[in-house]
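This report refers to the structure that appears directly beneath it.
Labels run A, B, C and D following the written order; every chain starts at residue 1.
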Amino acid sequence: MTGGGFWTMGGYAAYVWPAYAVTTLALIALLLGALRGLRQAERELATLEGSRARRRAPSASAAGDLA
Amino acid sequence: MSAFVAVLARDLRLGLRHGADLAMVVIFFVLAALLFPFGVGPEANLLARIAAGVVWVTALLAAMLSLDRLFHADYEDGSLDQLALSPAPLAVIVLAKATAHWLTTGLPLIAVAPALGLMLRLDPAGFAPLLLAMLVGTPCLSLFGAIGAALTLGARRGGALVALVVLPLVLPVLIFGVGAVEAEVTGLGAQPHLLVLGALLAAALPLAPLAAALALRQALESA
Amino acid sequence: MHRFANPARFLRIITAILPWSAGASAALLPLGLYFALIGSPPDYQQGDSVRIMYVHVPAAWMALAVYSVMAASGAVALVWRHPVAELVAQAAAPIGAVFTAMCLITGSLWGQPMWGTWWVWDARLTSVLVLLFLYLGYIALVNAFDDPTRGARAGAVLALVGLVNLPIIKFSVDWWNTLHQPASVARLGGPSIDPQMLLPLFTMAGGFAAFFVTVLILRVRAELLRRKLRVLRLAQAQG
Amino acid sequence: MAKTDLDRGRHKLNQRSDPRQSFDSGSFAGAGLACVRGDRLLFRGLGFVVKPGDALVLTGPNGSGKSSLLRLMAGLLAPAAGHLTWAGRPVEANREAQRGRVRWLGHLDAVKPTLTVRETLALHGRLHGAGADPAAALDDALGALGIGALADTPGRQLSAGQRRRVALARLLVAPAPLWLLDEPTVGLDDAGFAAFGAVAAAHRAAGGAIVAATHSDLGLGDARRLTLADFAPSAAELEAAA
């Protein structure tokens, strides 16, 4: 650390902190975006498979036939 | 070889019968270039400095504008199926179509470029290298354009997409095309730039048709 | 998932990698931040502004590395017609674009105190800018088709063409830059990298790479699920 | 007028289908073929054999993959599984030779508005290397389809049925043993339908083969049928594939 210490970044605070903020925000956005896409796909798949299971349940013989 | 000639002749004939389309590309080229004096002011020194760049950039945009035609009509009316099923390699047919594209758009652009150079007060020493560079550089635009046009066949937003895909790839043509003129005007000689453009063309001539043929096969697979 | 390629094995592999890559990013990124912001000394010329380098340079490395991953997957997809490879390229592109934009923004934030201007047509910044447009063109192309498999396959060709062209673009931008070098700008970089700077640089680069792998795996898994969803919906519609 | 054209064409065709002109071709076969469009499995386990002189008619409801199977046979589409053979040899071994053996009639006519009928067909002849006398072959083809009078008419002035006849004439300009036809008679009037029947019969008599996708009767007489619905995957299979 020179001069002004950690938060002032030796007078370059106005550049260093935004650079790190942009980086951090971009990484977080990437991670959250990926997680949200995954969750959404998992949820839709679960709904679809749930509805299929309900449709199949009454006709067990047909399901056995297909399996 | 005969397939190359046959497709070239047919595309030239088609191009000439749609003469209005060709004229439109040239008019766009002239109009876009002549907007610059209105944008930056008619001061002779300033115009002379940017003349080569303006001619090249607007030529690039005009070429992008005309790429839509390259495969799209043939794709829509089933002709592309017939061409792809001819015994000749698809890359040869792509090369023929790119050649026809250059003859019907690149060449007219080169023909009017000197007039634009005059109006933009291009240094007299710059005319020869500008024309030479365009002669070698615009075929590269047609070849790279063929890849872009083939890739975007059947896409939802064709026109702007081709430009977005192709323009970054043809940046070197622009740089060396303008560089040739600047180097000649400043007394350094245009030759190195022209040689690089020639090398680009030599590499694109065999490779671009192969890539475009690959893209065309994909487009036909999902037709 | 069709074309009779079974993604199950691929899915097993990436699921096994995921905890390691996630763990590595969770360890390396904070460590890199510590080294970059606290654990390393300021540069004798640039002062504390040199700390921007520790995110700027690894982001530039990632911008190139991700594009290479994309092009390699594109090549695999074209040669072996393996749909999972297309999918990897497709999932990597937005991550690469973010790293590229990150590199440009941090570069601009570094340029202002160093060069006195937010943007310089410096050879490196300019080629990264072109790279960003290559990414954007790829993403636009992949998403421009109603049939997602067509988009992915077109993307594979474009990534490959872009990779072949990348050295030519770099070379031409360098040449252009030497012709147009603005005299007033002080040059950065060069051989003056202190060994003390390498530690934060490499830790951060490692963290970025691990983070890329983690997000890539998550995105690929989501895309695989989406394809499965489409197939199941079609199966339902037909059955 | 059309009638005399038709007769003249038939006469010429008969002349041309002497043994010298006949195709000494092997049979075209496919085995274990599967086709995927987008994310959708259209058919699997499909096999067929087409011998010289055969006609195979593909039937099935919309979306069952008739056109896709034709595109697959033509080589415009790669099969997801299975393989195609010509005279026992896989077609991938020599794609260019295979393209030379196939004539394609898609559901689009590939007729340019600004090119005349003659120009359109001449290009096709040159691409496929039409025989010793391309001009005569072209006139024969036009005559056979009853459009001799339209030779110098630009495509934009043609009716839908006339354009279809031009597309059919393409099959004759440069002879090849295998015709792949997608709904060949759509838009044809009675005379056109009869002309198609005549050229198809002549083609088969010369040892050529025809595969056609259709919803209507093509008048191909003893044609065999391939019902694509038989090869459609069950819902359970589709789900298993996911």
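The rule is short, and it goes like this: contacts are C-beta pairs under 8 Å (C-beta built on N, C-alpha and C of every residue); 3 or more make two chains touch, one makes a residue touch a chain.
Keep in mind that this is a model prediction, so the values were computed, not measured.
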Distance-to-centre winner among chains (Cα means, whole assembly as reference): B
Chain pair, C-D or A-C, that carries the greater number of C-beta contacts: A-C
Furthest chain, CA centroid comparison against chain D: A
Chain C and chain D, separation of their C-alpha mean positions in angstrom: 48
For chain A paired with chain D, centre-to-centre distance based on mean C-alpha positions, whole Å: 51
Centroid spacing, where centroids are CA-atom means, of chain A and chain C in whole angstrom: 18
Approximate Å spacing (C-alpha centroids) for the pair chain B, chain C: 30
Multi-partner residues of chain C (each touching 2 or more other chains): 147, 149-150, 228, 232, 236
Multi-chain contact residues (two or more partners), chain B: 221-222
Touching residues on chain D, where the partner in the complex is chain B: 37-38, 71, 74-78, 96-97, 99-100, 102, 104, 106-112, 114-115, 119, 123-124, 126-129, 170
Chain B residues touching chain D - in the complex, by the definition given at the top: 2-3, 5-7, 10, 13-14, 17-18, 73, 76-79, 81-89, 220-223
Chain D partner contacts - residues on chain C that touch it in the complex: 1-4, 81, 147-150, 227-228, 230-232, 234-236, 238-239
Chain A partner contacts - residues on chain C that touch it in the complex: 29, 33, 37-38, 42, 47-49, 51-52, 55-56, 59, 94-95, 98, 101-102, 105-106, 109-110, 112-113, 211, 214-215, 218-219, 221-222, 225-226, 228-229, 232-233, 236
Chain C-facing residues of chain A, complex: 1-2, 6, 9-12, 15-16, 18-20, 22-23, 26-27, 29-31, 34-35, 37-38, 40-42, 44-45, 48-49, 52
